[in-house]
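Here chain A shows up in two complexes: once beside chain B, once beside chain C.
For the complex of A and B:
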């Protein structure tokens, strides 16, 4: 299973691009990336999901981790989450903690 | 910046000492029981008093055969507990279970069978019934599979609500039945997520506590069968038969197929709390889904049969539950199991309380005899984690033990007041010889709960068992043919009256009487002292077509029909206004029983009784008319007086009204004989009565008056 992340920082915005399959085995890599993102002054954390082919419940837990890792004021934006991912996030109530978007905020 | 003392303890016990079946392992921690994520691995711990060996069985999710079997080395056993930490597991993708080997010398009370794979009784999630109604694969060697779980839900500061008992209005509902019908209009019908969409409805109705029928993992296919007459598939719809005590039912979660039922249920509790509504779980600890000698082996039976079940001297199952077996609740092991389960739901899921199905069983000893001082009930009553939880007993069982009023309570337990239901039903249908008993029920059943207080009485007229409200006024007899048992199941003593025709009718007079009778019931329920409980759907007169035991139907018969919200707007308005009235009048819901004194110094006794003549109630056996006056303070702290007259006679009666202090007037809040919208007012905006000396109460009708100062014009 392949999963890669890239992290870019522009001002107070951190963008993590997720590519491949995010599940229990790859969630660790994601968490480490979130750890890195949390270093420094962050106002917005963008998770670009357009190339994410699969997100398991452990992957969703990674989002919870991201929320808890970031300080309270940090906005978390999910870009191009699939319908299923968005639906699941809503059903477990996590949508209060994130913003859905179709494009990476500029 | 303050220095924080930190220590990274991750390394403690986090390295393997040996390999079993190719997996890195080390001796585990005995506590807690179950499977716990620890640094680098998973700690498995399981107890059996007589087993000689235990093997951990691992499956890749959904695979028919195990991916590995790891015999737990005997040197890992401490006492009767086998524990092992397994490293580098894909904790999301595995399912686990155990093979338990019995001793070579067979004890007739045991049922060890290492050919079966047992579920973990402490498993916090199960797979196998992830989607409701999906036909199970009968060839599955391990149908209910234990799963590993995570404890990372973001509660955002949520806490149990701790609403004072005096203020509670409970609403009993079935998670699936409440929104499964397409008329619910929710995005995810029949699920926890769907129920969230109906929270605004419940808030508007005015209830502040939902009691959810069983949500612990159960199998809707248990005893599933086709009704030979109708061809309809029958299910275990209600779920009073637990498979997994620590796991929310996956099939009730829209996200069950992703294994996220725990998150979805937690979100449900969080959303209820945000709306100011408590969540009470109906829990079934009297028996399990393993049934009798012929039932399936799921966990307890193969793990430690003689510990977990009450057995006859011959080794058969006692059946005080009427369902095949009886959990041996007062054995020290099971007591601890039940307590840790309740603590888990209270702390991990933030639930506000529990209603215990057939709770009289929880007071029986291992031989089935009722105990004077049952250790389990005592432990629950004083448990530090459960301090704020409602503990509600269904204080009877199927073995004939009836303890309404005498349930071992430690001044802590409340009870479903079965006597309230029976008395009020008899009164409403016009039985003679009930009036004195009715009066006792209206003031919180002091004969039963004097020492404990009125809130120990959970007052109800209908619940999931028996007729619902619409059927109580539409049927004299049960009509359970659809259950496929030739109408032999279900209670026969319904204390119901069909108002002149059995079942559906076009007769407008009968229909009017039925509506009036339903309103009469709601008047009594919501002006009675104690905690009222309403059955979901009764507020819109939902019918179950005379079926008083619809446990096996997953169909329109049991689903809430949301079209009724419009069709029976009149009833809905009446009930929600009655709830609002109760809220506005603390004198109706005080914790102590009234005793005829004047504790607030308003010049009137806290309760007084009246008849055709004020201050002259008719207590004779033939009496079908009683009026109750409650005096105390309203919610603003001003003196106020509530007068409730109930006439179950088939003739109108004119009642002389008790006089009020100077400056106060009687106002008409409700008159069930009046056509809507005159049947009920908005609390606080009741019209003043033109005649302050008397009022006519119609045949089979109720009147509610409030005495207060005339509002300045």
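For the complex of A and C:
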């Protein structure tokens, strides 16, 4: 079970690419990446999830943390989340706080 | 090997082990934990190189002893634990990564094993040095604290209304997480509250949130319960009763959500929760599902009904709106609630058990509440094999007896 992230910044958009499984053990790495993302001015936080294979409820806490960390106006866009990942997010009711998309905006 | 210190409460096994070591020509000193902790250890020559402890000792005592010995010598002693006759005692030691020996204690063999442990710890000092051992012990202690919090907040027993069977099961993972279930009487036993919940994440933090949320829910539900009987004491109609049950549920859920948002939102914890109020007389089940894995109802005729979310998880969204829903448990029906530890149980290849397989087991194999949980537990075990259980597994089943036809 591995998990890696990469962060790229273009203007006020930060893109974090998530690869692997986001769960209780890997959530720390994700939170650190979110901390880094929050260092600059951010208008949109894009989470590229096309290679995110699993999201547990503890992993979802990482997304909630990202929402808390970013100021209120920041839009969080989840790109290409798998059906399973999207279902987990919808079940818990977090879908009101994010936007699902098929492509990286901008 | 210069000096071996054997620490144990008085026991035949310890005496035997000392005799075995002495017969191998080893210099052994045997003390009780109290003696060992009050001895002034000091060089030269007086500090043991090898500490052999009875697994019956608690880790806190061993840690204190290690600390004292480590201060007195250049190098902390090698620690090896031995088991009296209770193998279960070994578990925390094994988890802490310490070496151990088990019976039979035979001359030469024991000595070889101890020498091997000393060599191993010399080669990889991290496995036996005081720092890492202490850190591991602390970690084990933290696990134990979290587990204690969690277990202390599960109900001692489940309600037993006539015509109903309640069963719950909690299979903890090694690392503590925030699962809980609850069942308690309301309105003097005229209603029964059922709760299955999961605080996201793991560790002592999740256990503390579990304790907080369970208390808030129970307190609000029980202390703010309202009776709908009018002043003349006439019982109200069924609609009014249902509305009252819905109000009690909503009050518990919204006030708990408000509290979490107001006081704890920054910590980003949330809890998924299924909360229902059952009328054991009619089978009416009023519920709210806050982002929780849908419990299922197995109807007597074989149909399956899922109780889908009616609102978001608690602690997630300010002023969230929760919607009550209702159904009826008819004679022969079975309610099954669970946490994601069931569906996300993995085998060694990492494959999840999945909802479909769980549903199939609940719906085909079993009849009674207890038997249903036995079947699901067996299914999880068969699926997981030797894979370590990563998450707590919590299940609750409620079965309504088939009505007995009155004899005329």
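We take it that the second predicted complex is superposed on the first by the 106 of 106 C-alpha atoms of A that agree within 3 Å, B and C clash if a C-alpha of one lies under 4 Å from a C-alpha of the other, contacts with A are read in each partner's own complex, and residues count from 1 in each chain.
The rule is short, and it goes like this: contacts are C-beta pairs under 8 Å (C-beta built on N, C-alpha and C of every residue); 3 or more make two chains touch, one makes a residue touch a chain.
Source: prediction; values computed, not measured.
Enquirer: In the superposed model on chain A, is it clash or fit for chain B and chain C?
Expert: Clash - chain B and chain C, as placed by superposing on chain A, overlap.
Enquirer: Based on the superposed arrangement, let me know which partner A:24 touches: chain B (first), chain C (second), both, or neither?
Expert: Both partners.
Enquirer: Which of the two partners, first being chain B and second being chain C, lies in contact with A:68: first, second, both, or neither?
Expert: It touches chain B and chain C both.
Enquirer: One more residue to check, A:60. First (chain B), second (chain C), both or neither?
Expert: Both: A:60 reaches chain B and chain C.
Enquirer: Touch check for A:91: first (chain B), second (chain C), both, or neither?
Expert: both
Enquirer: If the two structures are placed on top of each other, which part of chain B overlaps chain C: 313-321, 511-519, 529-537 or 673-681?
Expert: Stretch 529-537 of chain B has C-alpha atoms clashing with chain C.
Enquirer: Both chain B and chain C contact which residues of chain A?
Expert: In the superposed arrangement, which is not itself an observed complex, chain A uses residues 24, 56-58, 60-61, 64-65, 67-68, 91-94, 96-97 for both chain B and chain C.
Enquirer: Which residues of chain B touch chain A in the complex?
Expert: Those in contact with chain A are residues 90-93, 150, 152-154, 156, 188, 191-193, 253-255, 258-260, 263-264, 266-267, 270-271.
Enquirer: Within their complex, state which residues of chain A touch chain C.
Expert: 1, 24, 27, 56-58, 60-61, 64-65, 67-68, 91-94, 96-97
Enquirer: Under the stated contact criterion, what part of chain C meets chain A in this complex?
Expert: 175, 177, 198, 200-202, 265-266, 268-270, 272, 290-293, 309, 311-313, 316-317, 320, 340, 344, 350, 391
Enquirer: For the complex, give me every residue of chain A touching chain B.
Expert: 23-25, 56-58, 60-61, 64-65, 67-68, 88, 90-94, 96-97
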